Every structure is written in C-alpha cells, then in structure tokens.
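Shared chain: chain A. Partners: chain B in the first complex, chain C in the second.
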Partner chain A sequence: MIKLSRRRWVIISIIIAGLWSAYVLDLGPGSLSTGAGGLALAGEFFSHALQPALHYESPVPTGTTPILLRSLHAAGWTVAFTATAISLALVFGLSFGFAASTAWWSEDLTARDTAWRRILAAYVAPAVYGITRILINLMRSVHELLWAVLLLAAFGINHLSAAVAIAIPSAGTLAKIFSEMIDETPRDAALAMRDAGATPLQIYFIGLLPRALPDITAYTLYRFECALRTSAVLGFFGFPTLGFYIAAAFENLHYAEVWTYLYALFALVALVDWWSGKVRRSMLLWNQRQV
Partner chain B sequence: MACNGARLLLRNVTVQYGTLTALDSVSMEVQAGEAVALVGPSGAGKTTLLKLFNGAVRPGAGEVCVDDRVLASLSPAELQRVRADTGFIYQDLNLIPNLRVIQNIVTGRFGRRSLFGSVVDVLFPASATTRNIYEVLVQVGIAEKLYQRTDSLSGGEQQRVAIARALYQQPRVLLCDEPVASVDPSRARAVLELLKKLSEENGLTLCVSLHNLELARELFPRLVAVREGRIMLDNRTDEITANEFTEIYRLTHASNDNHGGFRNNIPAIE
Partner chain C sequence: MEPETGLNLTIRQLHRQRPRNRFIRYSIGLMLGVIVLSWVLGDFFTGEVFNERRLQNLQRFLSELIPYPLQGRAFDWGIASDWAQNILAVHGLEAMVTTLAISIAAIVLAAIGSMPFTFLAARNLSTPEPFLPVIGKQPTAVPLTWRLVVGMTRLLLIFLRAIPEYVWAFLLLTILGISAWPIVLALALHNIGILGKLSSEIVENLPTASLSSLRSLGATRLQIFGAAVIPMALPRFLMFFFYRWETCVREATILGLLGFVSLGFWIQDARARNNYDEMFLLILLGATLIMVGDLVSAIARKVIRDAG
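The block that comes next holds the complex of A and B.
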C-alpha cells in the first residue's frame, strides 16, 4: 500500500472528479464538431473580426441612427445601468458589510458592564450578524440574470428592474467581502483608540474602515467591471444596452455589425480598466502631497 | 478613602492568564506628578501592570484606583472618561499606517469627541477643533511631517507621532510600555528625556516600563523593580544602595535567560 500525503490525495481527488464529470457530461474531442455547417458559421463569424461594420449591412429606413453612433449610445446605456447598480450596491454593501462584520461588537471592543451592553454583546449583535450573513448569501446565490427574470416578471421592462437586478447580487458580494476585509484589519490602532476612551463606533469608522479603504475601493472597482459585462448581457432581455444590439445583429446574421458592438464593449471594458487602475494608483500615492 | 487620594494605586492585585500568574498580589501607589520607572526582565509583568491603569486588563483579585476612584466600580461611561485622561504609548506604537500624521494625532482625543466630531476631525484635521496639534508636533520635534503619511516616516519619527498622539489627548497620566525597546540604543536616552520633559511641562504623572536599568537609574527619581509578577523593590532612586542595584541587575538578567519574552506573548486584552 502506497502512503500518500494529504495534499496528494486532494490532487488525485480533483483529477478523478474532473474525469468523472467529463464522463457524465459525455465530453470528448468530438463534442465540438457539430458538422460542417457549424464550423462554417463559426468561420464566417470570425472572418468579420477584422472588418467590423461602419454602416448597416442591410438597408435601413432613412433617419435611423448610424451604427457607430448607436453603439456609442448603447455603450452609454450600459455604463448608466452599471453606475446606478453599483451605486445602489455600494450603499447596501457598506451597510450590510458593517452589520456582517464582528468588529463593531466583538467583546474586545465593547465594555460589557451594564445589563444592556451585556444583552447587546451576547444576543443582539450576534443575531444581527447572523441574519445579515444569511441575507447576504441569499442575495449572492441568485445570479443577476435570474434576478432580472424575476424582476421583469414582477415589474415589466423598466430601467430600475435592470439596475436592481445587477445591484442585489453585487451588494451581497460587496457586503461579504467588505465585512471580511474589515474584520481582517489589524486591531492594534483600534485598541489604542479604545484605551484612549473611544467608542466602538468611533473605532469602527476611524480605526478600522480607513485602513481597509484601499482594498474596499479596489474591490468595488472590480465589481464595477463585472457589473458592466452583466449590464451588456441584460440587453438580451430588451434593455437598450450593447447586448440588445449584439443579439439583434446576430439573429439577422449581420456578423460585421456584431463585431462593431463587440468592439464597443471591448473599448468600454478597457476604458474602465484604465480608469480603475488610475484610481487605485492614486490611492497608493495620495500620501505624496506635502505642506 | 479606599484609594488614599493617590493618582494611581494597586492594592493586592492579582492577574492570571489561564493558569499563568502575571501579577501576584501587587501593591503600589503613585502620587500626582511623580515619574516612575518600572524595571525588570521581559515577562515580569510590567506591561500587565501598566494596562491595569487604563482598564485594558482587569484584576482577578484586588483593587485598582485611578484618580482616587476604584476602576471596577465605574460605569462604562466613567471608565471611558478615565481612559480619556490616561495616555498610553505602546511598544508597537499602534498607529494607523495609511493615514497622515495629523490624522493619527487627532484620534488621541476621541475619548472627548462625538462620533460626528471625530469623523470631522479626521476628514478636516486642520480645522478649528484641532488647533493645537502643531504645537504638540513642535514639542516632539516633527512639525514638518504634519501631512505625511505615517508609514512613510522612519521608526523614530513614528514613535514621536505616538508620543504626540498621547500628548494631544491631554491626559493626566502617561503610561509608556517599553518606549525605547525598538529604538536605537543611542537615541533611547533622548526619547526618555523627551518623555520626562514633556511630562514635567504638562504636569503629567509618568509611568514608564524599561528594560534598561542604567537609564532608569539615571533619569527617574523612583524605581519599581518587578520580577515574576511581584514587586521586588520600590524606592527613591537615590536611596537604593549599590548592593540593591547589583541584586536587581543580577536577577533581571538571570531570569531573562529562563523566561525571556515568555509572558509578553500572551495578549493582555480582556
């Protein structure tokens, strides 16, 4: 019998699980070849990558917005939904993140002398913490597109449904990550503040939050990028984002138009990436200012 | 009165961390305006002793008084007021590294500020409520670093920020836990002299734990030698005999080999 270390067992289990799922899903090298038609379609699609449409591929009524302007508009809508959603998510993410962290109530930060403080620390705070954690997980476990389906069914196609559909899971994820970042922040300065007579709330908002702020900002920007992609895809439901035009052009087999909108999306993501990098760098450099 | 009118008082205080006795029935008294050095090897209980005076450590038995009041009898709000009156300088400084110097210093006075007021102080540290920060920084000699990020300062400068934070707090008692342990030995004397000078100028009661017996002897009028959780000797420095010094020195260094840093690793937080 060969003795294997625990790490090897983990690796072997992962490999076995991978092979088993490939077997169950009936995956093989042949799965991708659906015949000459499929390959031809893919070839046709990618052959237009270098020639995105600058004009519509079929005649359009006079007065129709030119395609380049339309992709710009669609990009604008994509950003608008994203910005609304992330703003909402940030407000709720920070609030729920506060409630879902232990830093504001854990016993080393709370004087537990009076009866009411004892009840707060022993029952109320852990209950708030636990309920918020469950809520956050419910928000996160349902995907944006599923929320969109639910909200569309309930409220019809309106802009708020789309923004809220993106905001709910984003807020859940932000809250989870924020609470963990704050709880993992070193408590040394917080204890110094407590020893100088600061209250737990002062300690939370000044001893801990600013220290976690660079990480919080970076993560929020990352979620902004994720939300941007989701916002584009929500066009499939009829919202005027890039996804709407991509789907329409694809259905009409106007591949060059598809590429125009795809390039607009690439440009948008690159722009946001450049901007978030700039913000992150400035957070690292904000100390350079001197009197 | 139970507290004898002392600024700081311990009466038969015992502190235990699990099965380990950090302080064993310790009694001492410090009057207002005194400057006291606590000496002894690491793990002797010096840090625990200092932390009793701001309620960071609570005694298992015995009484702790600050400003003529028994700490255990105070409500949380009263304890908070005592803490606001008690400055502490930590061996590890405990500053917020990514905030500016001035922002770290304003946190010293949060015991007297509302939540809103303290947020305003951090966002607008140059506002009217924080007027005398500059004076404090001049006192500790780093006025030009006011707006620098704290982690961009050298270790010695950061220590001055920690001192400035404690001074800005306007405490009545200043407790310093091994303030020169991580300072260049050649600068240790300057830091201790600064602490003494500032305490005298501001009328503070000063309690400093020190590893360096020679500096304690030279700079402090009263020495308290602690070893294995007990007070070995507590006297005016000029009344301590040469033999007693030799004894303190020997025991300090002998037990350092056996216990070095052992008790220091136990978090003294309740």
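The block that comes next holds the complex of A and C.
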C-alpha cells in the first residue's frame, strides 16, 4: 500500500503543478481566442498543409534556384552544421567522458604500489574528476541557442560559431552519458587485466571502452538527431539552414512555401531517424553476439 | 614473419570469427564521409575568426561581461550583490517563475494530448480484436484499415516531433498573437510527438497475460485500456514524463527569444541594449533553473523507480 500511495503523491503533485502554471500564465480559453483575424490566418496557414509549393508563389528573378533544389540545398547545410558540431562534440565528449568516469582511478582497478601512484589516486584523480563534472554540467545547462547568442556577440556571425554553439552542450551531454556508460560496463574483463598486471590506461582502453562502444555509438546517433533540429533552428539567426527559409517565407506570407520547407525538414529528420534506428538495432544484435 | 605457433593460429581464428556487420561498416564510412565533406565545404575557416577588428571586439565583449558598477575598480561583494539583486527584482525572478510555469503547463498538456495517440499508435491496441487470447490457431492478419490507422498516427507523430519547438513557437506566435498559449502549445506539440511514440512502445511491450484475461472476461477496448494498460504502463510513462520535462525547462528558457516574457526574452533584451553583464547573469540564472529541474526530475524518477 505504501508503494501505491507514493506514486499517487507524484501524480497529485503533477496535477497541482499543472493548475498552478495555468494560473500563473493565465492559460484560459479566453486568452486563446484571438478574434476573427487570427482564426482566418490560422485557417489560411493550415489549409496549405496538403498543398506545399512546388514553385515560388511570387515572381522571382530569372536564375533563382528552384524551390525544391533550394530546400535540398538548405537541408545539405543543415546536415553540414550538424556533422561538424557532432564531430567536435564527439572528440571533447570522449575526452571529458574519460576524465569524468571513475574507472581510471577507482580503488579496485588501480595499483597503489608506489608513492606517486598513491598521490595520483588519492588527490589528483578526484580533483580532475570533480572539476570535469562541474565543467560538463555548465556546458550542458546553457541551451545551444544561448551559446549561439553568446558566441555571436563575441565573434560576430560566422559558421564556426554556429557549429561550436551546437557542439558545446552536445559535448557536455555526451561526456556525462559516456562516463556513466563506462562506469556501468561489467568489470570482469577489467579485473582480470588488473590481476595480470595491466596499467589503468590499458584497462580503460582495452577492458572497458570497447565493450561500451555500441552504447556510445547509439547515444551519439541520438544526439546527432537532436543536433539536426537545433541546426535547422540556427537558420533563424541568419545561417543558411532550413530555419532561415522557413522564417523568410513565413514573413512574406508565402504559406505554401513554408510547408515545402517544413516537409523538407520532416523528410530529413525522418530519414536520419530511420537510418540511426537501423544502425542501433544492428549494433544491439552485434553486442548480444559479442557477449 | 611471425612463427606459426598454436596460439597465433587461435588468435587468427578468433580474429576471423569476430562479429562483422556490413551495414554498420558502410554507415560508419558514410558518417565519416559526411563529416569530412562538411568541414571541407562548409565555409568554416574563410571568415577569418581572429583578425584585428574581431580580436578588439572580443576583448570589449569580455570586459563588458564584468558587472557594470564594478568595471574599472576593485572587486567588492557588496556592490556586486546589489547589482545582481536589482536585476533579480526587476525581472529576473519573475522570468524564472514564468519559464518554470511554461515548462510544466507544456509537459502536462503533452501528457494528456499524447494519450489518444498512444491508443491509436500501439499495434496491439489498434487491431479489430485487441488481446484476444490465441488458442490453437495463428492470429489472422490485421485488416488494411487498422494498419492504415496505425501508419497515419505514427506518421503524424513523426511530423510533430520532427519540427523543432522553436519553429512551432515561431509559427504559432504569429497566428495566435503574443500570449503564453503559443509557447506552451509549441512545446506540447513537439512533446506529444515524442511521448506518443515512447508510450505506444511501452504499451506494445507490456506483458499480455492479464490483458488477455480481461479480454476473455468480455472487457471492451476502452475498459482494457483504462483498467489494465494505463496502470501497468504508468511507472515507465512517468519516467519519460519527467525526462521530457527536463528538456521542456531547457526549451522554455530560450523560447522567450521569440517575444514572450520567459528568461530568453530578457536575455535578448539585455543583448539588444548591449548590457552583456546583465545578459550573462540571466544566462547563469537559466543554467541554475535547468540544473534544479534536472535534480527534481532525478529525485522524482528515483521515487517512481523505487515504488516499482
């Protein structure tokens, strides 16, 4: 009975929090209705959902790239920012993930036979571990777009700032998850290596990391999908990704064109989703066969 | 050449038997190709990040991150805390409360909204005879109409989650005008896509014994859903609920960039007035809020996990 009531408390708190937030934000049906003008606009926008534009809605100068080609181009840029950001995030995520795991200095995996090894294990390693954890949390806790705001204020608009803005929180998250995955990897092989006299680094890179690799790859692919969406949004800040064209078409009231770009984004995300799901599933099988 | 000893042979055999998967290899190759191409063709180094003017800009930016009353003098805790308290009192705290409320309203709305989609997207519920106990013969094929229902629901869910919250908010703000609704709805729409997918997977993976026994007692589809599916799926559903709430807090801070007064609005405002010190403090407030949100969510998930 105690178990049941605990869960019930969680649900009651959620309901109270929901009511509180509706009160704070004044979320009544009254504030939703926007009058006939808003309703007409909404109707006009959503009625174009089934007929996205295949050509520009207003005359364009000759030589302009056709809209379908342009959405392909923007999708390419979206992927480009994502790929560079994730490659940066992977490098930093793996290194910080190493520092933020306990596996390279924990008591049962390291020998403490010499004085400097004792000092390393007792003082240096915990300090490195703690500082890395704080750093990771700071990187994660500031949203990609806020990093973009900061970096654009510091460096002006350039492509590297955009990639780095996506890369920083991704690297923090990857590092956090990687370190947890490595610490949760079964330690039988690592312990056997320790008994055979392997150094902590050998244990880490041969006994632990390869076994966590399928999980690490799967999670990186998931972050790739997240970064893809952020990369599209960076278009709103002036980068040539899909968001840029969505915003431009919407502001020119070309609703059919908006839907073309929305469907392009949808197709891109769905494609990557499908592909990474397939990779993850075969990784899982691969891992099971390995064990 | 190494001598061919027995050990070498065994190692070689093991090496030959190592698991290989062509699809994974091609995928990794493709990924590396895309990354290299992006770095090469993406215009990342043509902008001269560190020319003279840019460096001066950067220096000015960094010096302006220091709280304004402290610029050009020794650090003093009193002045710094007065400055910070002033910003908090003017709009910082209120913006934090608004941001929190947006995230909660959005995730509650998303949880409610994803329920019907869960019902329609779970393959074991969206059939003419859900949970009919199989006796002897193989289950018959699912009719086309039901498969169409599942397929269309899933497609809609993918579409909802493929469009980022920020884009939904941008579109809805123009259509509905500036109030909390567009922001909350934007977050809710995206999360309905995610929660709908996750919870339909939970329902599909439920153990079927008790569901089938309800069915054989004559329970209807809705009765099974209400009396058995929801109670059984609830703990895992709540886990996802809190996990998604964390991301809602993150997103709620930045959706203010579009014009509704969450933290992002004041960050944008401070940036527009070139008050980088204030902007930096507000960004730190957002980070604090996100960290607290993560902590609350972790505690709640632990309570649920322990309760089983």
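As a convention for this text, the second predicted complex is superposed on the first by the 272 of 291 C-alpha atoms of A that agree within 3 Å, B and C clash if a C-alpha of one lies under 4 Å from a C-alpha of the other, contacts with A are read in each partner's own complex, and residues count from 1 in each chain.
The criterion applied here is as follows: a contact is a pair of C-beta atoms (placed from the backbone, for glycine too) under 8 Å apart; a residue touches a chain by one contact, two chains touch by 3 or more.
Just so it is clear, the structure is predicted and the values come from calculations on it, not from any experiment.
Chemist: Putting chain B and chain C on the same copy of chain A, do they fit or clash?
Modeler: Here chain B and chain C cannot both sit on chain A without a clash.
Chemist: Residues of chain A touched by chain B versus by chain C: which partner has the larger set?
Modeler: Counted on chain A, the partner with more touching residues turns out to be C.
Chemist: With both complexes overlaid on chain A, does A:Asp188 touch chain B (first), chain C (second), both or neither?
Modeler: In the superposed model, A:Asp188 contacts chain B only, not chain C.
Chemist: In the overlay, answer first, second, both or neither for which of chain B and chain C A:Ala103 touches.
Modeler: In the superposed model, A:Ala103 contacts neither chain B nor chain C.
Chemist: Which partner does A:Leu201 contact after superposing on A: first (chain B), second (chain C), both, neither?
Modeler: first
Chemist: Just to be sure I read the superposition right, which of the two partners does A:Thr114 touch: chain B = first, chain C = second, or both, or neither?
Modeler: first
Chemist: Which partner does A:Pro210 contact after superposing on A: first (chain B), second (chain C), both, neither?
Modeler: So A:Pro210 only meets chain B here.
Chemist: Kindly classify A:Ala171 by the partners it touches after superposition: chain B alone (first), chain C alone (second), both, or neither?
Modeler: neither
Chemist: So which positions on chain A get touched by both chain B and chain C?
Modeler: 286, 289-290
Chemist: Give every residue of chain C touching chain A within the complex, in rising order.
Modeler: 19, 21, 23-24, 27, 31, 34-35, 37-39, 41-45, 47, 49, 54, 57-58, 61-62, 97-98, 100-102, 104-105, 108, 158-159, 161-164, 166-167, 170-171, 174-177, 179-181, 184, 234-235, 238, 241, 250-251, 253-254, 257, 264, 267-268, 271, 276, 279, 283, 286-288, 290-291, 294, 300, 303-304, 306-308
Chemist: For the complex, which residues does chain A have touching chain C?
Modeler: Where chain A meets chain C, its residues are 3-4, 6-7, 10-11, 14-15, 17-18, 20-22, 24-27, 31-32, 34, 38, 41-42, 45, 77, 79-81, 83-84, 86-87, 137-138, 140-143, 145-146, 149-150, 153-156, 158-160, 163, 229-230, 232-233, 236, 243, 246-247, 250, 258, 262, 265-266, 269-270, 273, 275, 278-279, 282-283, 285-286, 289-290.
Chemist: Taking the touch rule as given, give the residues of chain A at its contact with chain B in the complex, in rising order.
Modeler: It comes out as residues 108, 111, 113-114, 117, 188-189, 191-199, 201-202, 205-207, 210-211, 213-214, 286-287, 289-291.
Chemist: Please output the residues of chain B touching chain A within their complex, sorted ascending.
Modeler: 54, 56, 75-76, 79-88, 90, 92, 94-100, 104, 107-113, 115, 118-119, 122, 146-149, 152, 165, 169, 269-270
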